[in-house]
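Reading through the structure tokens given below for one structure.
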Amino acid sequence: MANLVNYEEASKEVRTVYDDIKHTRGVPDVNNFWKALAVHPPTLKRTWESLKEVMGPGTLDPLTKEMLYLAVSVTNGCGYCIASHGAAARKAGMTQEMWGEVLAIIGMANETNKLAFALQVPIDPMFQGP
Amino acid sequence: MANLVNYEEASKEVRTVYDDIKHTRGVPDVNNFWKALAVHPPTLKRTWESLKEVMGPGTLDPLTKEMLYLAVSVTNGCGYCIASHGAAARKAGMTQEMWGEVLAIIGMANETNKLAFALQVPIDPMFQGP
Amino acid sequence: MANLVNYEEASKEVRTVYDDIKHTRGVPDVNNFWKALAVHPPTLKRTWESLKEVMGPGTLDPLTKEMLYLAVSVTNGCGYCIASHGAAARKAGMTQEMWGEVLAIIGMANETNKLAFALQVPIDPMFQGP
Amino acid sequence: MANLVNYEEASKEVRTVYDDIKHTRGVPDVNNFWKALAVHPPTLKRTWESLKEVMGPGTLDPLTKEMLYLAVSVTNGCGYCIASHGAAARKAGMTQEMWGEVLAIIGMANETNKLAFALQVPIDPMFQGP
Amino acid sequence: MANLVNYEEASKEVRTVYDDIKHTRGVPDVNNFWKALAVHPPTLKRTWESLKEVMGPGTLDPLTKEMLYLAVSVTNGCGYCIASHGAAARKAGMTQEMWGEVLAIIGMANETNKLAFALQVPIDPMFQGP
Amino acid sequence: MANLVNYEEASKEVRTVYDDIKHTRGVPDVNNFWKALAVHPPTLKRTWESLKEVMGPGTLDPLTKEMLYLAVSVTNGCGYCIASHGAAARKAGMTQEMWGEVLAIIGMANETNKLAFALQVPIDPMFQGP
């Protein structure tokens, strides 16, 4: 089980990251992922700054971004990530119906990905190139 | 390398599926995935009907669906699927900028999924339950 | 690309393994997997001896064993392994119809595995225990 | 944790699927996988119908089918699926000895799949073609 | 949940392996992995002998070997393996700081592996060949 | 196939990253991974800066770092990454003998990871906790 570094026992370096997470997300405390990652402050800092950039405002809306994150997390079978990004997706507006469709797509994609492996399908010329 | 069943040599059962794919998608020929899957007509038929249902009209728009499909395919490393669903996503409106963001999310999700495994992070109570 | 060690240039240690593979399988030459693995003779020897034991006579018949090997190889997306164990399965009696069913099962299992991850389904009491 | 939809609270659409599962398998209740999948009735229905077709009578016997399902589930690390399909395989006749051989094959295949990746082994001409 | 075969109830064949593990590692009892694997004595014996050879004295030092084992285990998301090889790595000298760096590398490698898949990057000529 | 952005056609933003890669590594040109990633300049910049930090001077020596990177890349089956980090590892001092041992560990770890999944081995108390 992970060692979780709580705010009170955290170094100044770690607290600065925690503060930025709390401020950016408007939450009273950081979730366990960050408390576990604090075992290595440079990785905590880099991961948070990368995530903030990647999940921040852009061309794709926040809901689409969270659903993409969820699709990867399910494919990798990461229970923690499914729980945390599932919650984030629901918070960003994912309805039960949308979740059902995301679920269906994840299932089908994993099925057809493996069928394409099995058959070693050659790529059609029209799918190649820029 | 896969055996590809072309329309001319296909059985009536296979042709019926090919016809439905061509009609549904408005394409002159089916792509290699289906020609390879025709090695087992019941799997061809079932996979196509499932895919048609899953990727058909619903709550999520076609572009979001294709990007989700792409995110799974990249995570699984399926070259054929990346090529075909990448083309489908671009056709559905995925711009270069959107693709860049999808790319960034896939990368980050794969990174944090493995960090969460490494640290065996316990799920926060707020992420559990319905 | 792998360095392939051919019989002529192989050390005595490597030749002994090659000879056993050729004798056990009744083939005139070993396939590329072994020629590539010869980069590290102890791994070549151990892998061959393990494989010979695992795939040798037992409770399961050779065809079932090869189909199981194929199902894992497809799930991992190993092109070389799909090609070599696909050939071995066909040689052991896998018909086109059987291959179609193996294909369908691999597809469905990969789909439902990911659905079970997505939903974080709790294990039913009846499935637990010895 | 998944929301599980019990029969009493299920919609008519969901009950119809549950009834078919119970009837087809001769069980008094459906297992948790289906109760969790009921979150999205179209996916529940499609997944069950596909599974019924794929795992139903065919060229391969039920035991072989379940062992193949198990091999994929282990490779993907799906705990729920290992528990449920392990139980199904034992019910279909998988002895302790057979399970030991399945185990050994899964282990070896995962090992050699990764060795083949590591060495990027080129496919032998004899393994290619139809 | 696995059936665990304790020393007292183990067959002579299994005890011989257990004794060798205890002797080689200088531990009073074998860990659960071996007790679970004893379900199939030939796989227990072969796996132990292979592991003993692979993790035994060689060109790489024991710490490096354990960190490599850990990197694979995290990538595969094997909770048991992360726990046992994490403990072994710490015993072999992995400090908190080293673990932080291993963590960071595993994260980055998983990210860039998937980015390379996404972009289907062609291999540079300088990276090919012997 | 990836679009590769060469230096001549690159934007100023991309050139700045390319220049830093070339300078840091002492190479005349960047490899294809970066040229493909330039499709999305913010991801190019962030990925390079992260990689530079993670693979830069630290507690672990460069060779160990590259072997860890390689172990993850092989497990994920990323051909490009195996080629590029294999070259980097050899440049950092990985001998043929070391590579053989890395290979053997990757193989064994992938095998035992899946055996631990198959048996759903409970974690020993001594492996838990801080």
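The first chain written gets the first letter, and so on, giving A, B, C, D, E and F; residue counts start at 1 in each chain.
Keep this in mind: a residue touches a chain if its C-beta (ideal position, glycine included) is under 8 Å from a C-beta of that chain, and two chains touch if they have at least 3 such contacts.
All values reported here derive from a predicted model rather than from experimental measurement.
> Determine the set of chains touching chain A that also touch chain F.
Looking at chain F and chain A together, the chains touching each of them are B, C, D, E.
> Need the most distant chain from chain B, centre defined as the mean of C-alpha atoms.
Most distant chain from chain B: E.
> Determine whether chain A and chain E, two copies of the same sequence, contact each other through the same residue numbers or different ones, counting it as same when over half of the numbers at the interface appear on both sides.
At the contact between chain A and chain E, which are copies of one sequence, the residues are largely different (under half shared).
> As a test of understanding: of all chains, whose mean C-alpha position lies farthest from that of chain A?
It is C.
> Could you report, rounded to a multiple of 5°, the rotation needed to superpose chain B's C-alpha atoms on chain C?
About 120 degrees, rounded to the nearest 5.
> Any chance you could check whether B-D or B-E wins on number of contacting C-beta pairs?
Answer by contact count: B-E.
> Rounded to a whole Å, what is the gap between the Cα centroids of chain E and chain F?
Distance between chain centres, rounded to whole Å: 20 Å.
> For chain D versus chain E, what separation do you get between their C-alpha means, in angstrom?
27
> Residues touching two or more other chains, restricted to chain A: which are they?
Residues 1, 39, 42-43, 46-47, 50, 54, 75-79, 83, 97, 101, 103-104, 106-108, 110-115, 117, 119-120, 128 of chain A touch two or more partner chains.
> What residues of chain F sit close enough to touch chain A in their complex?
1, 3, 42, 46, 50, 53-54, 128-130
> Considering only the defined contacts, which chain F positions touch chain D in the complex?
Its residues touching chain D are 74-75, 77, 79, 82-83, 103, 106-108, 110-115, 117-120.
> Once bound in the complex, which stretches of chain D touch chain A?
Against chain A, the touching part of chain D is residues 39-43, 46-47, 76-78.
> Going by the contact rule at the top, pick out the chain D residues touching chain C in the complex.
1-2, 4, 31-33, 36-37, 39, 43, 47, 50-51, 53-55, 58-60, 64-65, 67-69, 71-73, 75-76, 78-81, 83-87, 95, 97-98, 101-102, 104-117, 119-124, 126-128
> Would you tell me which residues of chain D are touching chain E in their complex?
Residue list for chain D touching chain E: 77, 96-97, 99-101, 103-104, 107.
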